[in-house]
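Shared between the two complexes below is chain A, which has chain B as its partner in the first and chain C in the second.
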Partner chain A sequence: MTIAQIVFLVISATTLVASILVVTSRKMVHAALWLVLSLGGVAVLFVLLQASFLAVVQVVIYIGAIAILIIFAVMLTRRMMYDTGSPINRYWWAGALAAVLLFAGLVVMLGQIPSITTQASALPIPEGELLSLLGTALVDVNGYMLPFEVASVLLLAALIGSLVVARPMERKTEEGDKR
Partner chain B sequence: MIPLSWYLIVAAAMFCIGIYGVLARKNAVGILMGIELMLAAVILNLVAFWRYLTPARISGQAFAVIVFAVAASEAAVGLALIISIYRRRSTVVADEIDILKW
Partner chain C sequence: MDFNFWDPFTWIGEWLLNLLVGWGLAETIALTLLRFAGAVVLALVLLLIGGVLFTWLDRKLSARIQDRLGPNRVGPFGLFQGIADTLKLLTKEDIIPAGADKIVFNLAPLLVTMSVVGIWAVVPFAPTLIGTDLNVGLLYIISVGSIGTLGIMMAGWASNNKFALLGAFRTVAQMVAYEVPMVVVLLVPTMFTGSMSVHAIVEGQSSLWYVALAPVAALIFLTTSIAELGRAPFDLLEAESELVAGFNTEYTGIKWGMFFASEFLHGLTISALTAAIFLGGWQGPGAEARPLLGFVYFMIKTMVVYFGVTLLRFSMPRVRIDQLLDLNWKFLTPLALAAVCVTAVAEKLALATNWSRLGVHIIANVGLLILTLGALWVRARMVRRRFETEQMRLAARSESAAD
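Then we have the complex of A and B:
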């Protein structure tokens, strides 16, 4: 067993334990903090996969933006954290059953694909700077320019949409009527 | 070297944990956390396939970047909806948000 394998096992075990705690913690703030640890573990797995740019993006977007946004949402809806009793609904067993069945199915399916089970080592990374390759591909007309532009429009629409949705309720005042 | 199947199994386990969170959580913010776990597992899968099967083509990473953008917009819109519902009904429990139910 090589050092890379040991690192992988430790990191993935941490990630999975943190993921389980995300879905089982009673307090939502604790769940959000476990989510940070879990997503950080995924970032380390990206480093092991030699996708350094995606690891940085994972830390900046997932941990820096999404997890912080979730913590803000938990704190804005704080009153509901304690007085609801159990954090899981009465059909939790069905959810657990679905998750276990899906996992078993995926593992069985993975075992039957020969290119996955025999692919023991990664192919060599091509020569040249990966990051500039990715950057060129994202703005290349023959590459991924259209999905990239669509993604930026989607982000803008999501930004404006969430501003509109989360706007405070209009009060029945003169000012509100004029608007 | 780490086999490809290890990454895929970790990603599958993370995805299934996320599914459990989505199906079993009462709190709507908890449901969103489950969705984030599922999306992170999907990105891990994409990057693992890129690294092991087609590292010469950059498509796997480009795909992962697009999924990142979708995940960010999903979190923003979802949390905005939750905060809006909380303002109007003072609850974030998914069972109690039943205006459209009859």
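Then we have the complex of A and C:
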């Protein structure tokens, strides 16, 4: 085994254990922290695949923004210091079934790729160029410009929608204004 | 390789590598070991400098500004005060408050220190002295910084203390908010260089520093960095008069010392980043051929920025939380977006028309500045007018009530 393989095994094991603990830990904040660990594990997997841009973006977006937002929301809920109720409700089997089915589907689908057992060769472009190729492909008319623009419009709509939802109700009366 | 006085870094690296390979290690393993060793040395030196020397500098400066003497008993000019303080912190009792979440409580200072030290991996000290030249360096800096936010949040939550939690809330609101204009404004040097690597950015400034091309962007970057650092005027996270000591209220001994040292180191970090990204890093006369000279230039620039940040710290009052968020969302974020747009247009214009690059950018930035000041003036007038009408209405009402 090479060092990269050992690192891969350790990191994937950590990620898996952490993601199981996300759904089983009794404290909400602990669950959120385990989520951070598993997301960090995914970032390390990206590093192992030499996708440094994706790794860094994973940390910025998922750990730096989403996980912190989740922790923030959890902390703002009441009694978060001693929220120790059981995280398992009576539909746990449905969730487990869905997870197993999804995993099995992924395994079957990946097994049908013919080159799955051979080691992939490195891309014939230097690593520094990958990022700029990705960037140009996203704004290239022959590349992925349309999906990119559609996604941008969707995100903008979501942004405006969240603003509309979060806006306080229009206060009509003078008395309402006083409060 | 012969010893070259002007480039000791390459020489030391090769000497150590040859030594390890000579002991029978494979070259890849030797390189990995050396990288680890380099990281440890860098972190130790930085934490020592940040924790010991810069505390002294900071206290002396603050003393001078506040018309005091500052530390002057331990060693010449009180230089060894930091060492005495470190020893004191190391020997203090380590208290974990009742009801605290032990693991999270102990993990938090580690994460905070790690996030600050981690940034230095991509800081180019000299042409031949850089931890690693990531091609996503700027994003890496942002991402590592966000881990620090997480650490502060964990510290506040695990302490089982209202004030610590409130401090953590403020910190997160502040840091998440100020990250937005910071990321946006970092697009400007990226556009100039065509790369996010800090090393490439420094090399791109060989003829002209980016602060001359984009003064507005540099100013926004410094402001948001100070806010991320959480120092006055943005030190709401540890507002002593409101929150005891903020997120680290319950910490004692060396764990508190780690927060303290990492805050000082963070101050040095943002100075170094500003120096590298906008002030040309190690660039200077003769630095290309003599890396040691580049190192000296870089340190001088960093010190100048640090001095400015410290002066700001001791001469500005603390802002309120609503002012802080207003400043970010209503002023810095739109200004950063506008700066990016203006810079992009100016850069293309300079390329297309063969005008002077510097001139186009200066004109664009001055135009942006005038527009901003105009908008501020209009807004200030509106706010003042609204306030006056409100006052008049209130006065009229109280008069009629008195009748």
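Simple rule for what comes next: the second predicted complex is superposed on the first by the 129 of 179 C-alpha atoms of A that agree within 3 Å, B and C clash if a C-alpha of one lies under 4 Å from a C-alpha of the other, contacts with A are read in each partner's own complex, and residues count from 1 in each chain.
Rule of thumb we're sticking to: contacts are C-beta pairs under 8 Å (C-beta built on N, C-alpha and C of every residue); 3 or more make two chains touch, one makes a residue touch a chain.
A quick note: this is a predicted structure, and the numbers were derived from the prediction, not measured.
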Is A:Ala65 touching the first partner chain B, the second partner chain C, both, or neither of them?
-> both
Based on the superposed arrangement, let me know which partner A:Val29 touches: chain B (first), chain C (second), both, or neither?
-> second
First (chain B), second (chain C), both or neither: which does A:Ala99 touch?
-> first
Touching partner for A:Met75 - first (chain B), second (chain C), both, neither = second
Applying the touch criterion given at the start, work out whether A:Phe53 contacts chain B, chain C, both or neither, answering first, second, both or neither.
-> both
Counting residues of chain A in contact, which comes out ahead: chain B or chain C?
-> B
Interface residues of chain A shared by chain B and chain C, listed 53, 57, 65, 69, 72, 81
Touching chain B in the complex, chain A uses residues 2, 4-5, 8, 12, 15-16, 19-20, 22-23, 28, 31-32, 35, 38-39, 42, 45-46, 48-51, 53-54, 57-58, 61-62, 65-66, 69-70, 72-74, 76-77, 79-81, 84, 86-89, 91-92, 94-96, 98-100, 102-103, 106-107, 110, 115-117, 119-126, 130, 133-134, 137-138, 143-144, 147-148, 151-152, 154-155, 157-159, 161-163, 165-169
Which of the residues in chain A come into contact with chain C in the complex?
-> 3, 29-30, 33, 36, 52-53, 56-57, 59-60, 63-65, 67-69, 71-72, 75, 81, 127-128, 131-132
Given the complex with chain A, which residues does chain B contribute to the contact?
-> 1-10, 12-27, 29-30, 32-34, 36-37, 40-41, 43-44, 47-48, 50-53, 55-56, 58-59, 61-62, 64-66, 68-77, 79-84, 86-88, 90-95
Note: in the complex, chain C contacts chain A through residues 32, 99, 101, 104, 134-136, 139-140, 142-147, 149-150, 153-154, 157, 160, 165, 168-169, 172, 176, 179, 194-196
